[in-house]
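Shared between the two complexes below is chain A, which pairs with chain B and chain C, respectively.
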Partner chain A sequence: MTGRALVVGGGLAGCAAALELARAGHPVRLLAAGPGATAMTGGSLDVAAASPGVPHLPWRDPLRGTALATDGRLGFLLSGASLHPYTRLHGAGGRDELVAAARDAVDRLRSWLAPSQLGVEGDLGTNRLLPTAQGTLRITDHALSGPAEADLTGSSRVLIAEAPGVEGWDARGCARTLIHEIEALGLGPLPVEVVALRRPLSRGAQTAARVAARLDGPDGDRILTEALHGIGTAGEVVLLPQVVGLRRTRERLRGLATGGRRVGEVIAFPPHALAGYRLQCALDAALAAAEVEVIRARAGQVRVDGERYRVDPAAGQSFPVQEADALVLATGRFVGGGLVAGPEGVREPLLGLPLSDPEGRRVDGIPAHRSVRKGYGNPQPLYSAGVMVDEELRPVAAPGRGLWAAGEWIGGFDPARERTGLGTALITGVAAGRRAAAHLDAGAP
Partner chain B sequence: MRGYRGIFHEFTHTGSWRALALQLRTGIVHVARQLAGRRDDGDPLARFFDNYGPDGVRPASPVDRMLRLDAQACLVCGLCSVACAAAGGEPRLDPRDAVVAASRLHIEWRRLGLEGTAGSACAGCAACDAACPQGIPIHEVQEALAAGPGKG
Partner chain C sequence: MSGATRARQAQVLLIGGGINGTGIARDLALRGVSVLLVERREIGSGTSWASSGMIHGGLRYLQQDPEVTHHSCLDSGAIQRIAPHLVFRIPFLMPIFADDPIGPELVEVGLEMYDAYQPLKNGRPHTRLTPAQALELEPALSDRLECAFTLDEWGVDAARLCVANALDATGHGARVLTHTEALAPLLSGTGEVVGATVRDTLTGERFDVHADLTLNAAGPWVPQVAEMMGESVIQRPGKGIHLVFERRVSNLAIYAKGVDGRDMFTFPHEQNSMAGTTDDDYYGDLDRIDTTEDEVAYVLQAMERSIPTIRHHRITHTIQGVRPTMYGFGSYEDELSRDYAIIDHGREGQAQGLFTITGGKLAAYRLMAEDAADQLCARLGNREPCRTAELPLPGGEEEADVGALATRHAIGLPAALRLAFRHGSRADEVLAGADPELRPAKLVCACEPVLDTELRHVARTEGLRKLSDCQLRVRLGVGACQGSGCGASAAGVLAEELGWDAERTIHELAELAALRWRAVAPVLEGAQVTAMEVHRSVHFGMIGMSGDLP
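Take a look at the complex of A and B:
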């Protein structure tokens, strides 16, 4: 008899764990309270990213002046006394083993997203240079369809499309910052220009989501083609806000890449980002295709009875108590509800586990504001708080042998500074799912 | 969230001298007023209408207060707006804007002049509710806006 597997958390880490368990042939249930940080992503999937402008994290090789390849950046994350979750994954093989695990996890993600026509572009060996809506640059390794097509590497000119009426999009402001950014990073000569579209994308002032929904309609492809008619020639990149449809983004952007020009979306931030919505929809479709039973409700408390876990519903939620022999917790941090900042301090609600900051100091029970430091770019213990895990991704101090942690719930890294959020979610999610599957295969009680 | 647990608890948790001073002053003024004796100005609700009625301000109903507390959890992530657009909704007021209005405009948020239009254009499909990471009952906020001031 096969044991029962349960995953708590419906973001990238939870979906990855559930899909890996399903692939190993185990029936899986997944408890998802609602969209979390995954659904808010701006479009880059950073496995080993350190962006310019993030102090203390090198993105450039000081000797050669070129951007560090992923190997170098991963090496930095693994160096010294780092408590980054990646240090738990490389085993005896060191960096090479981690790189192999990351490549494998990205391939898995590609296979889940492919039926939804959502691509994951890039690889660990090359850097992509992605502009954001504010005009700053992100140096990263992987990106989702949309922003992935806006890679500035190797382009001869950047054309920023004015799209009046699209909320949160300021082409001139973006251009001003981008010019400074290119100069400051020494990437030039790369001219940046603002261009007017041949026809408007929005009807009056509209949110990016409503423009995208309109472009999903029957006239959408024609509107886009006409709007971009004659803009950009070979080697040039045309930047749009995130409006190129809630679906079929990759296909449409490729259709627009005519005459050697490329058309891409900038990395956007909530509330103007659609990349996270596209990713979450594609993951939900993959869960349905893998026949993972999804319960849309919030978990309240985890109890342990011998080697068996019981998950109760949270207050106001109704679902039968879920029993599991293998439990993967991927509840996220403050957005997902995996960590809660209450009057009695920061705490972990499901099991009341101890929480630590990247230096290994306990932060649970300390009021949230005490863990915030002054200064932009300084390490913030609050944003990197999480549970500590052992080499097997089991939370230390957690009861039983059938419990694994995945995603941002694991502490020891600061996604706001290191920008490895979705990469960590993916790689730890896949690893946790495989370990849970191996535990069940080994004949868990 | 636990309720207010006293000034010393709050001071030890926030370390704010300013908040402590303000609260001590409030306490002293309160005791002084009690000692001086209260004036009886009649029905407080009638007094409220006398003072604010001509400006069109109505007292917040319990539903208003509850929705406002819920709405204050908003992260302004815009996922409600995306879900609404994906469901084909075209309400006159975007769900995200409705929640921000409810959380920021105090008792004034029902006076946006949307009576009869916000509701008629919002199909009430509640796609926004399912998309909210904070579990805010967004379409109830939309309905309250549609109902107009002083109702519900």
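Take a look at the complex of A and C:
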């Protein structure tokens, strides 16, 4: 008889672990309190995106002056005293092993998202140049459908669509900054222009989400086709805000890519972003397809009884105590709910585990404001701390042998500054799921 | 005389654009005096903005300094007349506990005395409430209370009040230069102060402003500016902080007592509630005043006695400032007089032509300005009377019709209300000024309904120069999102209005984010930790990390 597998956390890390466990043939349950950071992401899936200004993660090739691709940057991440979860996982095998693991994990993700028509474009050896809504360029390795189609690499002209009424979208401002970025990065000549759509996408002033919902309606495809009629020719990229529906984004953008033009979306951030929401929806669909049993509720406390874990409902939640022989915790940081900043200080609510930043500074039990530094651009202990894990991704100081950590819940890195957010969630999630599966296969308990 | 030179000549040079500088600029301009005001940062960004924004009568000065109470009440009435749109009634509730140092009877004697001043400022007389009545009004009050009193005060958006004064001054011919710092005195052959060398801190341009008289109205920087002019003015600088809550904690302002017996309060202020304040000697860097953990603990501990659940409320950030209190020896910081002085350095020191205004309160600014302007005018031989108590401030002419505003300009009622509060009868102008293709107005921020039209208006007509100035000018980035939702949109609007290139736009955004971080970090707790996690991801994801962020 196979043991029971349980995952807590429904972001990319938790879903990846659950889907790997399911693939290995284990019945899995997943507890998720609600959407976390994954659902807020902007459209890039960063394994190790360029992060200018972060000292230990150079983004330009020191010799050639060009932007380093991710496989190169991973080498830097593994060297030195970094406590990034990547080093825990593949420190011994070095860069090549990490690169192989990342490739493999991205392939898994592609297979999960494909039925939802959400693509993951890119690879670790080249940079994608993704314009953001503000006109800055995000240089990264992978992108999700929508922004993926807006990769400026190899394009001959950028046309930024004016979409009056779409909240948070300023085509002229985007163009101004983009021209500057292209020049500063030496990408030119690459002309940038603002174009008017043939018909409006929104009805008056509307949020991006509302416009997207409208474009998901029966007339959506026609509205888009008409709006873009005759705009852009071969080699040109047309940029839209994140409004091209909540579903079938890739299929639609491909449909719009007529005559050699491409149509894509900018990278965007809350409250004007949809990419993360699409990702979360596609992951939820994958869980359903893999017959992962999802309990939409918040876990309270994790107890261990011999080699078996018991997960209680949080106050006010009603589900039977969950028992598990293999448990993956992927509850994220503050946005996810995996860390809590309360009057007694910062804590990890499920097990009360110690939390440390990359320099080994403890932040648990200390009021949040004591774990921040004055300068905004400085490394912030509060936002780079999480649970510490060993090479097996087992939380240090956690009881039992059947427990693994994944995603942002793991400390030692700052996803915002270092730009390795979804990549870490994916790679550690896949790894944790496989380890949990192996544990069960080995006959645990 | 060339145009350029004439632009740098004035009868009076004012140094400092806080409530005193702007109030005096308006007073002088209304009397036909030519005025040039330099403010090294944004209008009101010094102590004025850090104040509780209370146009109160100064109940706490009643014992030591009834003169201050009288001034304040009188001027509170005047401010309500000239800027009715900017002023709002704040009823106070004062709970009395068994272990209070002063019992209810004695408190009531004081309140009865204060009642005598209330008519000066359209205040209602105090009332005494039973515990049940008080708890009905404010259920969050500690039920340990013995009884409670109510009394009436008034609040104002202090930054906006400064801007309104500055606008009226410019409307009457004054020149107001923000981000322009007085650097050194201009001296005549006989050693008189005849103006100052100033520097535009954004362009780096330096120039001389020639003036018959120079007034140092630099608030807590008064001693620094005086020293630069070769004079000495001593203050007893008193630092004060406020905690700003994400939303209103109570309907009424609620009194609380510090462990040392000091009075403090939690009070509704615009969208938020604020709690404060402290009063401690401060001799640190005036340009980098940070709130300390002790101050936060002190305020929260006091508040907790009146509102036991206060710690459950989300604090978004703090504001802090230093009172330009007059020097006095021996007394507790708090008991030092809030009265003011106008110093004629020609008489009391060496520097002919230089004056200083120091001390005072926001609530009494108009009277102080009148006094200062009287003295300067006497020196200039100007006999025009002061008219600041009768003439309305811009927007105070008549009441705005909020419903009509909302309908006419297709904006939501909350946004219309907010504009009517900030711009009074000129709210319509703010909305009508937008180019037709920019209508209807777009929401820039959802924490508080800031419209792009208001941003465009302040950029076009109020001389706004920086994105970070919007914190005060339109209350941008001071809500829950701390600018992560609205910073970029606002930067885009201003880039268009002010012709910023991309580099400048990004710099402005980075600066706003860094400033918000400074305001948030000392009180980072609970839900705001999560909000700032989003803030960092958005910000760093958008404009990249760069090591040289301030």
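We adopt the following convention: the second predicted complex is superposed on the first by the 435 of 445 C-alpha atoms of A that agree within 3 Å, B and C clash if a C-alpha of one lies under 4 Å from a C-alpha of the other, contacts with A are read in each partner's own complex, and residues count from 1 in each chain.
Throughout what follows, a residue touches a chain if its C-beta (ideal position, glycine included) is under 8 Å from a C-beta of that chain, and two chains touch if they have at least 3 such contacts.
The structure displayed is predicted, hence computed values, not measured ones.
> Would chain B and chain C fit next to each other on chain A once aligned, or clash?
Overlaying the two complexes on chain A (C-alpha atoms) leaves chain C and chain B clashing.
> Name the contact category of A:Pro343: first (chain B only), second (chain C only), both, or neither.
Both partners, chain B and chain C.
> Figure out whether A:Gly36 sits in contact with chain B (first) or chain C (second), or with both, or with neither.
So A:Gly36 only meets chain B here.
> For A:Arg176, decide between first (touching chain B), second (touching chain C), both and neither.
Second partner only.
> So in the superposed three-chain picture, is A:Gln134 touching just chain B, just chain C, both, or none of them (first/second/both/neither)?
A:Gln134 sits against chain C, while chain B stays out of touch.
> For A:Ala213, using the defined touch cut-off, is the partner it touches chain B, chain C, both, or neither? Pick first, second, both or neither.
First partner only, chain B.
> Between chain C and chain B, which one touches more residues of chain A when both complexes sit on the common chain A?
C
> Examine A:Leu274 and indicate which partner it touches, taking first as chain B and second as chain C; both and neither are also allowed.
first
> One more residue to check, A:Pro367. First (chain B), second (chain C), both or neither?
both
> Just checking: does A:Gly375 make contact with chain B only, chain C only, both, or neither of them? Give me first, second, both or neither.
After superposing on A, A:Gly375 lies in contact with chain C but is clear of chain B.
> Quick one: classify A:Leu246 as touching chain B (first), chain C (second), both or neither.
Only chain B; A:Leu246 stays clear of chain C.
> After superposing on chain A, check 61-69, 205-213 or 295-303 and name the one in chain C that bumps into chain B.
With the two structures superposed, the offending stretch of chain C is 295-303.
> Need the overlap of the two footprints on chain A, from chain B and from chain C, as residue ranges.
40, 270-271, 335, 342-343, 367, 369
> Spell out the part of chain A that touches chain C in their complex, as residue ranges.
Contact set of chain A toward chain C: 37, 40, 42, 51-55, 132-136, 138, 167-168, 170, 172-173, 176-177, 179-181, 204-205, 267, 269-271, 333-335, 341-343, 346, 367-370, 372, 374-377, 380, 382-383, 415-417, 419, 421.
> Okay, in this complex, where on chain A does chain B touch?
Spelled out, the residues of chain A in touch with chain B are 33-36, 39-40, 207, 209-210, 212-213, 246, 270-274, 276-277, 296, 298, 335-336, 342-344, 367, 369.
> Over in the complex, which chain C residues touch chain A? Could you list them?
Interface residues on chain C, with respect to chain A: 290, 293, 311, 440, 442-443, 446, 484-485, 488-489, 491-493, 495-496, 501-503, 505-506, 513-514, 517-518, 521-526, 529-530, 532-534, 536-550.
> Spell out the residues on chain B that touch chain A in their complex, using ranges where they run on.
Touch residues, chain B against chain A: 1-2, 5, 13-14, 75-79, 81-86, 88, 90, 94, 96, 130-133, 135.
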